[in-house]
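Beneath this line is the structure, given in structure tokens, with notes to follow.
Note that the chains are named A, B and C in the order they appear, and that numbering of residues resets to 1 at the start of each chain.
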Amino acid sequence: MTTAPLLSVEQLCVAHRTPRGDVEVVSGINLQLEAGGTLAIVGESGSGKSQTALAIMGLNGPSACLTGRVLFDGENLLTASPARRRALRGARIAMVFQDPMASLNPYLRIGLQLAEVLETHRGASRSAAWAEAARTLDSVRVSAARERLNQYPHELSGGMRQRVMIAMAIIAGPQLLIADEPTTALDPTVQAQILALLDELRRDRGLAILLITHDLGVVSRLCEQTLVMYAGKLVESAPTQQLLSRPRHPYTAALLRARPSMQHPPGLRLDALPGQPPDLRQTMPACRFAPRCRYAQPDCADVPLQFERGVLCRHPL
Amino acid sequence: MSARLLRRLLELLPTLLLLVTLTFAMLHAAPGGPFDSERALPEATRVQLEARYHLDQPLWRQYLIYLGDLAHGDLGPSYQYPDRSVAELIGAGLPVSALLGSLAMSLALIVGMALGIIAAMKPHRWQDRAVMVLAVGGLSIPNFVLAPLLILLMAVSLHALPAGGWSGRPQELLLPVLALALPQIATIARLTRAAMLEVMQTPWIRTARAKGLSERHVVLRHALRPVLLPVISYLGPAAAGTLTGSVVIEQIFGLPGVGRYFVLGALNRDYGLVLGVVLIYGTLIVLFNFAVDLLYARLDPRQRE
Amino acid sequence: MNRVLDALRRNRWAMFSAGLLLAMTLLCIAGPWLSAWDFDTIDFDGSWSAPPSAQHWFGTDSLGRDLYVRTLCGGRISLAVGLVGTLVSLLIGVAYGAVAGYIGGRADTLMMRAVDILYALPFLFLVILLMVLFGRHLLLVFVAIGAINWLDMARIVRGETLALKQRDFVAAAIVAGAGPRAIITQHIVPNLLGVVVVYATLTVPQVILMEAFLSFLGLGVQAPATSWGALVSEGARDMEVAPAALIFPATFLAVTLLALNLLGDALRDALDPRRRA
């Protein structure tokens, strides 16, 4: 028996009105995430991962035009009122951003930035909110949590700041956490710690995690299921292990080849993907990846594609 | 904090010293010197002057004595009003000038910031356009042009407000404050708008929104403080501009402030009075800049310690 | 520079302002010849403080002098002060800023600290003191105003010079053995042109405003010569009987300042889109 998923995105499109005309940066994305589940979105930078995440949050900004459906717990967020969206944001759906230095307000104390989430969503008193803030910091293993509350972001290290961001995201007990490249700005050792923390939160709190990254190494440690995006489109969807061992879309395969790994023989050149992602303002071939694809066939450019059996490709590997 | 305070205080000294030295040097470089001016001075004043400037002493002694007198708040005699000291004259005008200046600055700060925020919240909409038109206009209409026009409209044509004079009634200050504040309102509105637009683009504002805070909360708690910073650093120049402007505004509206004495003194070549006002206003501006610096440091946690 | 001109051409307000300024300048230079009157001749046949008429296009002032001619002649002085004062501030500011930025290190710190200290001084008051002490010569007005406006220019030029110094072509010139003098005059200053033009455009209205302020107080241009500031001052004195004497010079002054501010803003936006306000 199948239960309704916690998050279900159907045919999501995001277009931005710009001075040089409209650009569609996300084109018909579908995804589903169960309560307590994990899902990764990978792709080169500029492929529309962040825009997809922001669309779920409703934060694409005033220039965006969204179509499709974003169902959270059965409720379509795209048609919900702004007040309703605010009530869900931070309380039931939370987000962690890439650069923890820039994403924390440099002018406000850590404690205030944590506590205001509870004051807004639970009407908690100031003292109760600050006490809870200290407990939450403690639970994400920030040392000397009480003293940290009175510090400013610039007084913390990068890893500490990202822990604070995570604490801020989970403080109101959300069911869904969207983490947009949470480790990209951090050192490798700190990266591992943050990933371990996310995994622990998923296990202990039943938090569903939507992880966005361009690093396939990060994915393999955390997520059961992985989606691959290219130029605003979904090109492959598969269980992570299967995707890593037997990629079916040539783009996924190229990403894997371009990845340095422990097993990689030293001295062997990494196989970087040549060329540039397409300009979304131009008209693109039916398969947007075809111009860069080493397996491209003559029919790739003009025969319309269907997303079938987990892959958007006429000639899957 | 106290060490920092001390250091900043010590940094004030060169500025003040430069101000005093410049005025002293100008006084002595003036053709013929101020003391044997073409105009016959009253005997008593001349004696006072000579005693004050110790003209028989070598220059460096004169300079030191000048410094010493200033340190005691002794600004010397006025040539125009021999029976009153410059300090007395300035003291008489200061309350009116202080009231005018502080009202104009407060108005400029409140209205300027409010307009700037409104414009930034609705970029490129009519609200924004209206504010920007007002701002460029305010920068282009000097207050000594605005003031007579306001008098022409409000006092001469509509008889709604007094055209000038001062008997202590609040409506007598309305037009002067408005005329004095307008250029500052314009500048502060532009500054605020630009800073606000920039801050609203920052990732941390996106984070605040991602937490589900209301737009009001985002603006007031998260955006306002960084927007305040450029406005606060403009307060120093704004104060200098307001003091300068008050000179003409007092003149136009017949307000008995320091600026009026200053202009009369300048037109009558009353060296003592002009020098006194320059020193007092100069010191005020320097001290004000100091206070602004301290405030700035308090608002930006990265600058503390 | 070409990029800036291109962006400017696309900005309607900038083009409009530039046109307006050109028209204003031509009018001030040539306009007085179109009238039969002279700027300080009294029309004894006409009345004093007369409203605009076919005889006197802008009316007459309280002494019966033609306001059209006086407004335009005043404009000549105001515009000239604006240009010359800006030029003076430009020369001082560019030289000071380029040297400080180029030398760098201690000397730079010291030179910029001096600028900070000067910033805190009430300059306009000192200029007035200068006028009181040395007499009210127009030349003094030019020099004094120019000499107090160079601080901003020095700061901006210094910042740009510091940035330019990091660039390859300057490094190449140093490697090729060029002396500091040659590098500053041949490599740094020409590349500063864009910034300097922008800030000069924004300095002109400030200088015009200062001159108008001084003349309004009776401390700037002295009779029989006149400027917009002096005319506004005279006009304000008897505006109740002859509002035209206030309104015409006031409008000319305000429109000129407006056009210069708009043009300066547009230039700055074109040069540096990040600072777009």
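What we mean here is this: contacts are C-beta pairs under 8 Å (C-beta built on N, C-alpha and C of every residue); 3 or more make two chains touch, one makes a residue touch a chain.
Source: prediction; values computed, not measured.
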Using each chain's Cα centroid, which is most distant from the centroid of chain C?
-> A
Ranked by contact pairs, first place goes to B-C
Separation of the C-alpha centres, chain A versus chain B, in whole Å, is 52
Between chain C and chain B, distance of the C-alpha-averaged centres to the nearest whole Å = 22
Chain A-chain C separation of Cα centroids, rounded to whole Å = 54
Where on chain B is chain C touching in the complex?
-> 14-15, 18-19, 22-23, 26-27, 29-31, 34, 136-137, 139-142, 144-145, 147-149, 151-152, 156, 190, 193-194, 197, 236, 240, 243-244, 247-248, 251-252, 262-263, 265-267, 269, 271, 274-275, 277-278, 281-282, 285-286, 289
Interface residues, chain C side, partner chain B - complex | 117-118, 120-122, 124-126, 128-135, 205, 209, 212-213, 216-219, 229, 232-233, 235-236, 239-240, 243, 246-247, 250, 253-255, 257-258, 261-262, 265, 275, 277
Contact set on chain B toward chain A in their complex | 202-204, 206-214, 217, 221-222, 225-226, 299-302
Interface residues, chain A side, partner chain B - complex | 57, 59, 86-91, 94-95, 97, 99, 102-108, 116-117, 120-121, 152, 154, 165, 168
